[in-house]
Amino acid sequence: MSLIEGLIQIRVTYNETDGQGRVHHAQYLNYFERGRVELLRSKGHRYRDLELSTGLMLVVSEFNIRYLGAAAFDDVLELRTFVIRTRGVRIEHGYELFLLDDAGSRAKIVEGESVIACVNREGKVQRLPDFLRQL
Amino acid sequence: MSLIEGLIQIRVTYNETDGQGRVHHAQYLNYFERGRVELLRSKGHRYRDLELSTGLMLVVSEFNIRYLGAAAFDDVLELRTFVIRTRGVRIEHGYELFLLDDAGSRAKIVEGESVIACVNREGKVQRLPDFLRQL
Amino acid sequence: MSLIEGLIQIRVTYNETDGQGRVHHAQYLNYFERGRVELLRSKGHRYRDLELSTGLMLVVSEFNIRYLGAAAFDDVLELRTFVIRTRGVRIEHGYELFLLDDAGSRAKIVEGESVIACVNREGKVQRLPDFLRQL
Amino acid sequence: MSLIEGLIQIRVTYNETDGQGRVHHAQYLNYFERGRVELLRSKGHRYRDLELSTGLMLVVSEFNIRYLGAAAFDDVLELRTFVIRTRGVRIEHGYELFLLDDAGSRAKIVEGESVIACVNREGKVQRLPDFLRQL
């Protein structure tokens, strides 16, 4: 089991908030996707090139999320994305999202896990490319 | 344990799709939210009135989703939203989303469960109003 | 100059609102797109088939919007979409969006115009298919 | 007429693209909003504080956009946001969005202008606060 860290900062934009004045709960999946893309980049790979060069796509097959707190417009968040495990055609990622306040303290507001599968253009499940299994 | 059904149809719009030509995986949480709102309406309640009249808000505290298939632009989907259980300050909902094809057959493409908590404007957890506990 | 009407109703969903408690201003372009798709369908054409069968895509080249009012979560809107003119490779659409209140009165809240161009998969501008020019 | 520059970089995320494999045309208004927020911040003001402390909101009353090119997932964009003019209750902004390629060259892909009005919580138009008129 490899456990690799990737850390990005996210500034909440206005369109990501909803009528409750908070980040809409669906939006966090977009943040987590950003985390996966940047984790891959930090390892020297671009997800875009993967799609273009191999014709393979990574598709989400499962997502589990716990919401512990909330974020508002213009908040700065810190997202930790990590690989929990890779198995055959699947990668499991974990996510921890923290709200940073002006005083520098951090509070975890969302956490979750996803399972991503590798498919070809026809949607058929494919073995993960080697570089993804070695993450 | 009460188990109440609510059924809505959803037409996939262009902006809900992504570069893979499919509905983006985060978008399904928006569909499920629509399902909860319409389930409540079918019982004679408007979620908007709840927020305006009582000052209470329902916030998502947990979401678990399995993606079994995919939907594309202009597809027609059928969403079944149901209450699994209500407990104190929380409601558990279940979701089953089906893709309808032109021949009339249905294939389940996404399923999931959520836990929703009732909070006041200060974000403090509150007991569910009676009409919500009796759903 | 042809002037063809298409009318659809839209129910505002929670994720379409923002921290001001109103529909986010960018969201109206998604509503207008829905209007164009349904206008086409009312004439017997599916935009999806156009993309799949001819490989042609319609891309937005210009949008002008005036915001006259606001809509909130769960509001019911009526959108009128019409063709102002078609020229060579371009279609100009007009939009009028009304807020319907419970008493049945209508107030215009957004209006606009767009110019849509027809391109092939390489992004090269193409003459509009005949059926689009005759709308 | 004041003309003040603000420059930000934007990385296109997956959820911002659509089935044509490009950034959805409505998404650019979200980028432009980000540009206004950062322009304000570069002048020492936080839009969030404006809403919280004065109860005033800036609402979009007009938007005109020309799409000259397209952006794809993971592209890096450079957005220039500037104030064209302030008048009584309104600010006019201009926007120029460039696609940066790996070789360092820039191509303008979207440009536009918006009119923003200042309103209070009741939606009544208010004179711009002094610091906004002096931008």
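Which chain is which? They are A, B, C and D, in the order written, and residues in each are numbered from 1.
Going forward, a residue touches a chain if its C-beta (ideal position, glycine included) is under 8 Å from a C-beta of that chain, and two chains touch if they have at least 3 such contacts.
All values derive from a computational prediction rather than experimental measurement.
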For chain A and chain D, chains touching each: B, C
Which of C-D and B-C has more C-beta contact pairs: C-D
Chain pair equivalent in interface to A-D, over half of contacts matched, among B-D, A-B or B-C: B-C
Rounded Å distance, chain C centre to chain D centre (Cα mean): 23
Approximate Å spacing (C-alpha centroids) for the pair chain A, chain C: 33
Centroid distance [mean C-alpha coordinates] between chain C and chain B, Å: 27
Residues of chain A touching at least two other chains: 14-15, 26, 30, 33, 72-73
Contact graph of the chains (line, ring, star, complete, other): complete
Contact footprint of chain A on chain D as seen in their complex: 13-15, 30, 33-34, 37, 46-48, 72-74
Touching residues (chain side chain B, partner chain D) in the complex: 14-15, 17-19, 21-22, 24, 26, 72-73
List of chain D residues in touch with chain C within their complex: 19-20, 25-27, 29-30, 33, 57, 59-67, 70, 123
